[in-house]
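Both complexes shown next keep subunit A, but they swap its partner, so subunit B is in the first and subunit C is in the second.
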Partner chain A sequence: MERDMRGRGNPWTPSGLIGQFSLSNNVSSPTLDKETEDAATDNDRSDSGEFVVTMLAKAKLEEQGIGVKGRSSPLLEVGTQETPAFISHRDEDVTAESWRQHRKHVFVLSEAGKPIYSRYGSEEALSSTMGVMMALVSFVQSGDNIIRSEHIVVFLQKGPLVLVCVSSSRQTEQQLRGELLYVYYQIISMLTQASISRIFEHKKNYDLRRLLAGSEKILDGLLNLLDSDPSFLLAAVHCLPLACSLRDSLSQILQKAITPNLVFSILIARNQLLTIVQEKTVIEDARLEPADVHLLLNLIGASSAFQAGEIWTPICLPLFNPDCYFYAYISYLDPPECTVCLLLLSTDKEAFYAVAECKRKIEEAMMAQNSLSLIAKVQSYSVSQVGVSDLRHFMYKPFDVTGCFITYSKMEAPYSSEEEKMRLLDLYRYMHNRIHSTSRPLKLIYHVAERETLLAWVTSKFELYTCFSPLVTKACAITAITKLLRWIKKEEDRMNSLKLVLFPYLS
Partner chain B sequence: MTTVILLMASGMQEKQYTPSLLNFFVYNPTFGQKEGEEEKKILFYHPSDVEKNEKIRNVGLCEAIVQFTRTFCPTKPAKSLHTQKNRQFFFEPEDNFWIVMVVRNPMIEKPNKDGKPPTVEYQEEEIIDTVYGAVVKQCYSMYKLFNGTFGRQMEAGGVELLIQKLEKFFYRYLQTLHLQSCDLLDVFGGISFFPLDKMTYLKIQSFVNRVEESLSLIKYTAFLYNDQLIWSGLEQDDMRILYKYLTTSLFPRHSEPELAGRDSPLRPEVAGNLLHYGRFLTGPTNLKDPEAKFRFPKIFVSTEDGYEELHLIVYKVRNSKCDRPSSVELTRDFCEQLDGLVGPQLTLLASDICEQFTVNRRISGPEKEPQFKFIYFNHMNLAEKSTIHMRKTASVCLTSVHPDLMKILGDINCDFARVDEDEEIIVKAMTDYWVVGKKSDQRELYVILNQKNANLIEVNEEVKRLCATQFNNIFFLD
Partner chain C sequence: RNKTTSGREHDVNNVFFDEANKQVFAVRSGGATGVVVKGPDDKSSVAFRMDDRGEVKCIKFSIGNKILAVQRTLKSVDFINFIPDYPHTEFTQECKTKNASVLGFCWTSWNELVFITDQGIEFYQVLPDKRSLKQLKSQSINVNWYQFCPETAVLLLSTTVQGNVLQPFAFKSGTMSKMSKFEIELPVVPKPAKLSLSERDIAMATIYGQMFVMYLKHHSRTNSPTAEVVLYHLPREGVCKKTHVLKLNTTGKFALNIVDNLVVVHHQSSQTSLIFDIKLKEPDCAVNTHQPVLPARSIHPYRIPLADSSSWSVFQPDIIISASEGYLWYLQVKLPPTVNLLQDKGKLMDFLLRRRECKMVILSVCSQILQGGEKGRLPIVATVFDKLNQVYKEYLEAEQSYTAAVESGPSRGSAAPKRPVRTQAVVDQSDMYTHVLSPFTERKGVSHKFIIAVLMEYIRSLNQFQITVQHFLYELVIKTLVQHGRFYMLHQFLQYHVLSDSKPLACLLLSLESTYAPAHQLSLDMLKRLSTANDEIVEVLLSKQQVLGALRFIRSVGGHDNVSSRKFLDAARQTGDQMLFYTVFRSFQQRNQRLRGSPGFNPGEHCEEHVVHFKQLFGDQALIKPSTV
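Up next, the complex of A and B:
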């Protein structure tokens, strides 16, 4: 059955969006009509499979001085669909006190000093500051450099890109460097490392913004997540706590919906992982790194335009393989709420229709099992479930062979405001840094402060961060931890049942 | 000077290099702003045999970094620059005068087989910013003690005089820096006090009053026993740096001959006064010789509206020392007068104090293995006490705990500095040592416990016991 991606009246495809990168390839549909074809821009002929080639070809053409209307990744086009609520920081006045007061600035520039991205303020306005940054980088010895003042300035050079962070958040240089690395990987996820290297090899002062137009929202979203989401700090993925049976049934549904070259099937709800299913023969034992999952989650969550229907787009998983693309089918299963998202990754650029067919099968099976309403009922953990009075919040990460998953409770009173959430996370970040110091690591930190008491503990089996009221006694804290760990063990059927499920062999 | 320690591990010899001083310079970016005159900005540069252009480049880099950080925070510019191989510290003690110290990171050199050059691993995390930042500030304070502020020098004799003074002071002072043994105590810059009973303390006070009354030239007095302070009339900040000078430079220089023993050729001819055991540590070493020239070092202490220049007279009776900053020219007559007045009285006092010292010793236990390993510091009176540091001499300061534990103390101190409130931090290190840090009001206490199988509650009890014996009148968080 053929699917007309640009079909009018099809609830999954809004008019303008998918049409722009239509997937009319060798599977020609007789219902394609001339007028839609004409209405498309000159790139519409290129299906997503050729998209990659087209983009690189454009890069080459531009180098030769031929003015070709550059078109960047459709992923980024999606990003330009701005919702009215989106506040742009692009036009901020960089000389104002308010600009200086931002907690964390991030800048990306090329080796030649060409600006690529700035979190606050436009790149043009900051060109002189960026020039100074480049001078500093080249002046000081090669390698990564940090300047400490009231702010910390961290420089990171990866290939032809230079990333700079100026932060008053009191994070350590290692943590900030890790965040810059995430920004680098997000850029790679859109362009691949190989093409970036190639582009800059040919033209040192290429303006990468041409290819990244529209990506600011994605990078902004990533930086916001880095600030507010604990799973980045612990380098693990947060899963929605599902009952074993529900997770198993969802995994089975995904397992059965297969097609050649489909390698990953991922189900996400409310920006948290439900399950991942991985093809065994192609990938063998390689796993998806938590960082890759984070980047995927950010891409999907950063823009509401994905909610519009089905998307077929090239995507690079930088930690898995930084030099090549997968082809991702992205679709929300529950419009218009759009909380449950299905992500199918294939290595075959022509496979759109086959993959879309998988989605249909999955949808059907989930409808039969009423999965969507079951998922909607699942709640994140709350500390009150643990039954310990002084405990305010916890984060738990088991050291498990099958995956890197983290569990944490919701941030509730007194950490309800954004400020307080950030403050608590900052405290966790400082403890994480001390415990994992490369030269003098620790096993345990117990910190009594004015507003809370914190305990961080690392053993060979797990890593645990807890927050208590400031008046808790040491004896109470110890009892609370014991109780918490026992409760976690009981809940393990929910928390640790998330294993990577491998596809059955095809006969 | 670099210390090289050889570690033998399974047949391969690793060489461990401790942190060392690479550069130290003083500059003012407002001098020589015209093209081609950049060299005028540099007021002092060590090592001096570096090529002129390289000096200009390094100073230029510092200027650029400071400017860059001012973009984000105009009032608090750069404090340090971390690179893989070294660390630079920036300090602006007076408007537009900058002191920069560059320290080479500690590193391990691992030999490679087949004649390949050894791989070098830099240990950036070993250097704690607060510790070495404090060392730079100390360098300035020491300079200021003996020369007054940069501004004052400029007024007195312009840039040329300043350059001269900087060269003279830092050339010698930098040689005394031992960067490999800097730690938390450098951050505190505290003074070790000698606990005395009320009677003896009052005797000393009245003695000091009498001396100051009879000899009007004396402006301030400080009284020390061994290396510990009993009484000081000086401003806290002045006393703190003077104390450091006395205990790390002046006293060790003079105590060595004494320790050398009677028959050693090092022992100088002490034509002593038979009535008492006193002698001058600064000034005339031999009062009997009318021809001998002498001088007292000049120091600058702060007053309400500026600075005053005084002579430092250090007079010693066995282990009691009295130093007296006093103004105006000091003549031989004055010295004899001082000797006659102070000597006998001080001798008597000294024996009283000595008794106290023995009593104290009996209470606190033998020094060899103190019951608790702790460091205590009070920000208000600068009192510091450490049972971890032993035998502080000019060249080395031994600690009885592993350097990594000292660095953990440094980390906890940094954490305390983040907020003003009272806090407590307990950590368990990988080696199963427990380190407890308590901050209460303006006091900090750090305790190291070697109790591998203890849990948090037991550790807490141990520390409470320590506080009960040594700090029973101070409230620490529980």
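Up next, the complex of A and C:
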């Protein structure tokens, strides 16, 4: 316990210096060397050649202006807690009734029962609870025991990590398990699976929070996204609807700004995908999985650190390869609004300058084509454009070659409040679960709920979820769906023309 | 004529009774003959004088007291006009047959009468203004004696030497028709032949609308040990047939009356009377043989104690006269005591249902059956209910076809429809409810199972006869079920439509919601099935804040375009559910769009405040824009 406290306490040094942990010998940024050494002494895993976690002091970045290079990781950003809610979550009284009332708790602990993460409340305060959870895990595992609770309790053991979800939402066990897996992947994306295994092989009761300190926000952000973003439900990526020509021109810009070892160029606006361009030969057969894109989007969305300038950080794409790092160059193209973000992934950790040069080219080209202002004008579409007055919302996922993109209408009145949005999503989750039920999969569901009527339809070509006024009739809904599909077809260019654009391998 | 009975009370010399007008004539002779006439319904008696021209043998008014006929000799009958402004002096008609003696005469209308002589009959019309008679018809036949039934205007003549061949004649406004003659089977055929059938043993009566000739067949030592009454059915057309035999199971002197379609046989020596109902079939007897319905009982005296019955004269159908004491009685059947005399309740009900004053007795029998032990009662209850409803249904059908006939207007060739008479035997549902079922459900100490079983049995019986069950019976069932907490049964009854739908029933169910919550839905379902209660359904749903349900419902019945938007918006807003308000508001905007081409509300709909409220909640952009659809 004493040790836990110390480990946690370290980053909050009075000078505002945040310090840096490094398990690696080769830290390339000389300006951060001192801190690196500092952190390295705190760590007994200095022999690891791959594991790099870097902490950045925002103050320092500001001093230096933009152009911070090196193995800096925004994952461990601290001291810039801009969302008060997060603070209150960390500081919550875990014995209070309000803590128990949370809709969904997520805990991560090590096999030894050491706390790693809790969505609400501090891990220290929950260490005994986590111990109980570990006991429960072993109890359930030995002999086919089950836990009965008014909540759904889901355990997921991945290697040395145990992830627990305690939910009072209407989500199914399967859906919750999927969410825990996302949490696990997000941790992997920061540490890689191999290094986690290695750490715990070496020391069973290692306190992983040392390596994740400051990354809680990313996990918090992921959990919030999981609760609020329907694209996770459909395992698909949400693209900003964009005119075909604009998207093509953006792809071409990315395609032209390449450098050796650059494998992915990704353009993101307002947490939605604009385009992805990928290197041809290195990953010819491999595709970027939606889950990996989600992790990247979450990473960018959850942290404000990238708004400061250029970031060069190692990142693992767990579904692509859980054991090795990419090196991500992240920079916003439109400071200070920071809506359009460029993400360049390289396999070469030394390629910062080359990649930064690519960014410069991209920036120039976009400037020339006035792309930014064009992007700024793009809006998510309103469901009223479809022209069916009973239709309130829809989500559409085509099963085309690219496979994993989704589009949905804006959440508008009456789904304006957070509660209503959440409620609608819960309904979609319910529909999704019913239609994809393993025991009895369905093709079409017409579900008259208390406050709305939903219709879900899965064909070999698409998956469609629609929300109607509760006063809609079945015949009307069917007509509306036909009309909607026709409309989508017409708009498909604009909405879903995201193609994988490949660029040639440069040696 | 033997219809006169002499009495020597006071200074009355002779008393006559006329069966046709039911009038008693007191004739005093000596100097001028003084006559006092009194009928049963007359408030005051009629008194007059006439010349004493010999002893009066027979005296009768024509129908309506228009003309008085007096027989004083064997050859002629005298007449006196009683019509105002007509000459009052007597006139005489001698019988036209030579050497015949007049046995008597009978009035068949206000001015027609028939003379019966020992050689035949002579039918006359009296012409009071001319003070003469005109012969209409005559028939020559040997007559021993005669009987006349005023009700049917049928004259029965005893002919042949033995007197057992009876020849009936029917009279009707100026015509006289000969009916087919028939022979009474005598118990013993006398040798040599002599008059063997006495007019005392023959009586005519109408029973259940049919004319019968009743023959009191005395016991004979050879074949039948006891006396019996043999009934011959005398149809207007066709052959007279022996149809019923009433077993008297005793011997002695008897007299017959007909009361309320019952044959009452008085037995003089035991001073008791037996009652027969020819419609009551005896299961263990041959079809036409009847035993007394009830054990023999004495006549209950009315006001004055009954003295010596040997001096009584019995007249048809229901009159007993004691001339010596100066009394005329009508015989009546008191039904209440029969309840305990007849153990077989089914038979009792059959008996009672054919009686005139039966309703209260029937109802009391029903109440009585429901009393006491429950074991094995239900089949009896069922039988009784079925019998009641059979009669009830027959009446309803008659009523229905009458209504139908009236509505369709007079049809050519057929007579105007006759409204069916509702007899006391028609015991309807409200009779049963008021006098039997409702008090029964309130009675202490009866198991609710039995109560419900009885109620359901009654409903079952009504259904069996396809009689529409009235809602108050269902209400009684429901109240009883609720009172005993039998909600499951109630639910089943409603779901399987054992209790038929009606608005009052639905309202009752609504009121039961606080005791039994599902009653609310049951009520709504019922209203829906009735399909005439759409407004009620909407109100009920709105009162329960089920605004969407109300809208869906009114749309399903096609009334959506006519409902008040304000009413629904008020209700939606009252719930405080913004989502609901959004839905309802938008749906009415859509309606406006569809009906008027614009989503806006008309000023007359008074929805302005709701428009403001909607904008406050969801913003202007959430309103349906006129151009979008």
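Rule of thumb we're sticking to: the second predicted complex is superposed on the first by the 410 of 507 C-alpha atoms of A that agree within 3 Å, B and C clash if a C-alpha of one lies under 4 Å from a C-alpha of the other, contacts with A are read in each partner's own complex, and residues count from 1 in each chain.
Just so we're on the same page, contacts are C-beta pairs under 8 Å (C-beta built on N, C-alpha and C of every residue); 3 or more make two chains touch, one makes a residue touch a chain.
Here the structure is a predicted model, which means the values were calculated and not measured.
Peer 1: Could you classify subunit B and subunit C on subunit A, in the superposed arrangement, as clash or fit?
Peer 2: Clash: subunit B and subunit C overlap once superposed on subunit A.
Peer 1: Check the contacts made with subunit A and report whether subunit B or subunit C touches more of its residues.
Peer 2: Residues of subunit A touched, subunit B against subunit C: more for B.
Peer 1: Is A:G387 in contact with subunit B, with subunit C, with both, or with neither (first, second, both, neither)?
Peer 2: A:G387: touches subunit C, not subunit B.
Peer 1: Scan A:E150 for contacts with subunit B and subunit C and give back first, second, both or neither.
Peer 2: After superposing on A, A:E150 lies in contact with subunit B but is clear of subunit C.
Peer 1: What is the contact status of A:Q369 with respect to subunit B (first) and subunit C (second): first, second, both, or neither?
Peer 2: A:Q369: touches no partner chain.
Peer 1: Could you look at A:Q255 and tell me whether it touches subunit B, subunit C, both or neither (first, second, both, neither)?
Peer 2: In the superposed model, A:Q255 contacts neither subunit B nor subunit C.
Peer 1: Please work out whether A:E173 is in contact with subunit B alone, subunit C alone, both, or neither, and reply first, second, both or neither.
Peer 2: First partner only.
Peer 1: With the two complexes superposed on chain A, say which partner A:A413 touches: subunit B (first), subunit C (second), both, or neither.
Peer 2: It touches subunit C, and subunit B stays clear.
Peer 1: Of the stretches 56-64, 146-154, 200-208 or 272-280, which one of subunit B hits subunit C?
Peer 2: The one stretch of subunit B in steric conflict with subunit C is 200-208.
Peer 1: Take the contacts of subunit A with subunit B and those with subunit C, and give the residues found in both.
Peer 2: In the superposed arrangement, which is not itself an observed complex, subunit A uses residues 473 for both subunit B and subunit C.
Peer 1: Which residues of subunit A touch subunit C in their complex?
Peer 2: Touching subunit C: residues 384, 387, 389-390, 412-414, 416, 420, 451-452, 469-471, 473 of subunit A.
Peer 1: Quick one: in the complex, what on subunit B touches subunit A?
Peer 2: Where subunit B meets subunit A, its residues are 61, 64-65, 67-69, 71-85, 123, 125-126, 129, 404, 407-408, 411, 415, 418-419, 421-430, 432, 455-457, 460, 477-478.
Peer 1: Spell out the residues on subunit C that touch subunit A in their complex, using ranges where they run on.
Peer 2: Interface residues on the subunit C side: 548, 551-552, 555, 577-580, 582-583, 586-587, 589-590, 593, 617-619, 621-622, 624-625, 628-629.
Peer 1: Subunit B touches which residues of subunit A in the complex?
Peer 2: For subunit A paired with subunit B, touching residues are 100, 105, 129, 132-133, 135-136, 139-141, 143-151, 153, 166, 168, 170, 173, 430, 434, 437-450, 473-475, 477-478.
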